[in-house]
Amino acid sequence: MLKAQIKVLLKQSVLDPQGQAVEKALGSLGYNNVEHVRVGKYLEVTLAENNREAAHKQVEEMCERLLTNTVIEDYTFTLVEV
Amino acid sequence: MKFGVVVFPGSNCDLDAYHLVKDVIKQPVDYVWHQEESVTGYDCIILPGGFSYGDYLRCGAIARFSPVMKAVKEFALRGGLVIGICNGFQVLVEAGLLPGALYRNTVLQFRCQFTHLKVENYETPFTETIERGRLLKIPIAHGEGNYYVDNETLRQLESNGQIIFRYATEQGEVSDTANPNGSVYNIAGVCNANKNVLGMMPHPERAGEAILGSEDGLMIFDSILKHWEGSRL
Amino acid sequence: MRPEDWRNMGLKDDEFKMIVEILGREPNYVELGMYSVMWSEHCSYKNSKDTLRTFPTEGERVLQGPGENAGIVDIGDGLAVCFKIESHNHPSAIEPYQGAATGVGGIIRDIFTMGARPIASLNSLRFGTLDDAHVRYILDGVVAGIAGYGNCIGIPTVAGEVYFDPSYQGNPLVNAMCVGLLETDKIKLGKATGIGNPVILVGARTGRDGMHGVTFASEELSEASEEKRPAVQVGDPFMEKLLLEACLELINNDDVVGIQDLGGAGLTCATSEMASRGNSGLEIVLDRVPCREEGMTPYEIMISESQERMLMVVTPEKEEKVHATFKRWGLTSTTIGFVTSDGILRVHQGGKVVAEVPAHSLAEDAPVYCPAYQEPAYLQTTAKLDLQTLPDVEDANQVLLQLLAAPNIASKEWVWQQYDYMVRTSTVVLPGADAAVLRIRGTNKGLAMSTDCNARYAYLDPYVGGKIAVAEAARNVVCSGGEPLAITNCLNFGNPEEPEIFWQFRQAVAGMGEACRALNTPVTGGNVSFYNETNGEAIYPTPVVGMVGLLDDVKQHCTPAFKAAGDVVVLLGDTYNELGGSEYLAAIHQRVQGQPPALDMKKEKTLQKVVLAAIKQGLVNSAHDLSEGGLAVALAECGFANGIGATIALTANGLRLDSLLFGESQSRVLISVSPENLSTLLELAAQNGVSAAELGQTGGTNMEVAVDGLTQLKLPLRQLKKAWQEAIPCAMK
Amino acid sequence: MLKAQIKVLLKQSVLDPQGQAVEKALGSLGYNNVEHVRVGKYLEVTLAENNREAAHKQVEEMCERLLTNTVIEDYTFTLVEV
């Protein structure tokens, strides 16, 4: 089986209010070296599939169709064996 | 009895709590700005509902670090009465003043509706005058009111009488169908071991006038008043 | 400049020529961008302006009509109500959550810009049919987005409507309305006055999102729209809540000369409109605009539609105080320029003038078009409905169950239970009634509000459809005990450059105008959304009406729910053999045909007068307007809330059974009264020439209807309610 | 500078309704080989800090104090140079 670890973030040009809020909060907690924060989604999808290539294609498709909205979000993923 | 209603950036039920205290139960009340460092002079602190700091990251997670929360913590440790409603409950949990955690409703949607609450402990400052067996009709409005504690903590809460309200049907049955958000054990409100800090997801301040559909929320405030009067004797 | 440059920005060749004439030279790229957004249909109303002029916009209560950010109506005692509706259709089609959320954010800004405290939100939604997974995805996202924004900012979403029809499959409609309250002496306008006064920009940083959103809204959706993706933005309701509180604080302290939100066309729109209204000019320095990304060009900064920003003009003495107030609210504000006397909007960056155009020409001088119009060919076909060929109802029980489960009639609780409709503890009549009612704290008064439009009627006859939309909204307000005051409207249509579409538009506006005149409810503002088409197919013409009414005593509000057993059920108004455009015809016979029900405004007016008088005199225990699904559906709905049934006896008087039970004849209201009040009510009706038929009695747990002595309908209320309540949740599972 | 890539998931013992919903949705889109889905948060925090050890300690602290709620959430992170 393969597990896709999918990271989803808002596109660079899109406002990330959550990231901003966390950035500000970390600053006011005294972490003055925090340059930038972004907040997104993390998904783990486990597939009964051993072929990495097939899995890769499928995860890509699932991301495009359901897991993300590519209008505002970008995603990356890695596959790990489980 | 003097009330303080804490205002975080993003609080939006501050007005409602203020209105209830001032115009319905007719007690002195102030807004307390989140940057205040002291809450002395108040007899009861209300942490109102809303979306403090947008509820970004997690509900209540950022608000707990505001200066006023340090003061509220000290106030609570000295035995002061604190009631956190909805977002206020979330802040109290994040601040460690109450056990457990609140997260996304299992329905994955915001829910605004009337609920019926069964009172589990009448021996608290918040419930002592409530007629035994009386269900309270009080509305909820939240997306993250799913209360979680692990089994061990749940047992402790139970044996300490810290579970205060549970969601029930109109007939008083505590069941899955009555559970609007997936909370463990249908928990709608809990208090600390000392019983002076209450957190609840339902909004008693929205159930304080007949024209709004229920006056049952007043029972909680009546208890608070009676308790305070008693404690002064 | 090459023709591609302006054409790519949506400007026509003639329009480019006009710009050259105005400037006496060719515009540079920044200036061209500014004209293109300001002269888009969305900002300039160039196709609709002429038609909209026919709306009645004046009345003794109107304090602010169309032209400002929102309309304002006097409600006495020094108070006024401010309201407006706006569309966010295209963004919602592409990113339903954020599209709908930012739509709500935008209309809320329009309200507090005027100095009003927003007290309620409403929404009017149209989707394709629920058997389509993509439609369900859009519905789910839109509702969550409206909830996400409104709940967070703490403004109750109290009413609205949702319809489903294949014509909206690729182009959903998301119209958001906001209602605010203010003191009449605190009205603020979007005017830049006072030479030398500083201009302050506050709120979110400016980013590259939402570039050319207004041109996007002024085009048909197509595959290529996907490419214009950055036109969708992410909203920040938390930021808006802070802006709202800070701005209202400043306005209440009289610290503001003029104020305007940044919406469509961003900084370009706000600066040029404020200067134009103030007969002044503005000088702004883009280096001072806080940006989210590095290296933003003047073009990008001037047309960015980043949300949650406001522009205000203050006096120099107040400048520091204003910045301090914003700081206390955790907001960033910057003085970006000042007011001038020369009427020019002059934009600087890096020490250079990057744009220099007459403000008025951007805001007001867009060309006005009078598109060609022509009666649509489809009306020839749809008009032909021969009731002779339509089999009458055989099993009324079955039909009623089916109708109650039809998504257009079924309970919309799935939608509104996601909205916080109680925050601010002023909602007296909750969603699920004919109109929402809110109390006004500190007074005995209340406000009733509703949005309405039956687009199927408008499709079959835009004139009558427009008229009915106004009449129904007013009827809903009246049934809740409110006296209709005024309307706002959102006109959703296809491509106005198509003569048949423009004909629909003109007819609908004319019909609405007639109804508004008759009911004395002027139009105080609104919004036009054209180009609602996918791949050449237009939506039904959908002229949505948002109406606000006043209750002198909020305790006198009324709801549709039967209150007690033993009350007498009375139908006010007349029923005809009218099935054209009905939900019955569509849901049971799969036909969208015929003429919509006729509407006689004189009759409508007297009906409303009688209902309102009866409610005010405390004669009635419930009132419900008859709409989709007719009498049978209305009876069931009246029973649901308190689980009180009714036993009804009707006489057919030559009417078909389907018309009698499910027809949608206009100007009808179902009422329940205590037996002791019956005669007074009947007298009141008779005096005014309104027909009143005693239909039967409330009570029991069944809904039972006999026609001419024969039982046609008999079902447990519980069973009916289940069909009605579960239809949408089941479809959405 | 170092960027912390932080993945946050609900603890195994806590019900993950979002993960369940996505799992169901993928199933109904015809992805029959999806075994399990979990949905959490992903954060990127960029620090003006070059010492990996110091950064590691700081990120851990930020996670415990603000970024996660350890009553219900687990987190892991990696540091990458930027």
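By letter and in written order, the chains are A, B, C and D; residue numbering begins at 1 in each of them.
The definition used in the following text is that a contact is a pair of C-beta atoms (placed from the backbone, for glycine too) under 8 Å apart; a residue touches a chain by one contact, two chains touch by 3 or more.
As the structure is a computational prediction, the values presented were derived from the model and not from experiment.
Counting C-beta pairs in contact across B-C and across A-C shows that the higher total falls to B-C.
With centres set at the average Cα position, the gap from subunit A to subunit B is 35 Å.
Between the CA-based centres of subunit C and subunit D the separation comes to 41 Å, rounded to the whole angstrom. The residues of subunit C that reach two or more other chains are 236, 238-239, listed in rising order.
Of all residues in subunit A, those that touch two or more other chains are 17, 21-22, 25, 29, 39.
Among the residues of subunit B, those touching two or more other chains are numbered 53-54, 56-57, 61-62, 65.
Every pair of chains meeting the touch criterion is listed here: A-B, A-C, A-D, B-C, B-D. On the side of subunit A, the complex with subunit B involves touching residues 17-18, 21-22, 25, 28-29, 39. Subunit C meets subunit A in the complex at residues 94-95, 98, 204, 207-209, 226, 229-230, 232-236, 238-239, 292-293, 306-307.
Taken in their complex, subunit B has these residues touching subunit C: 9-10, 12-13, 15-16, 19-20, 49-51, 53-56, 109-113, 139, 141, 143, 203, 205-206, 208-209, 211-213.
On the subunit D side of its complex with subunit B, the touching residues are 10, 13-15, 17-18, 21, 66-67, 69, 71-72.
Touching subunit A in their complex are the following residues of subunit D: 1, 5, 7-9, 19, 22, 25-26, 29, 31, 33-49, 58, 62, 65-67.
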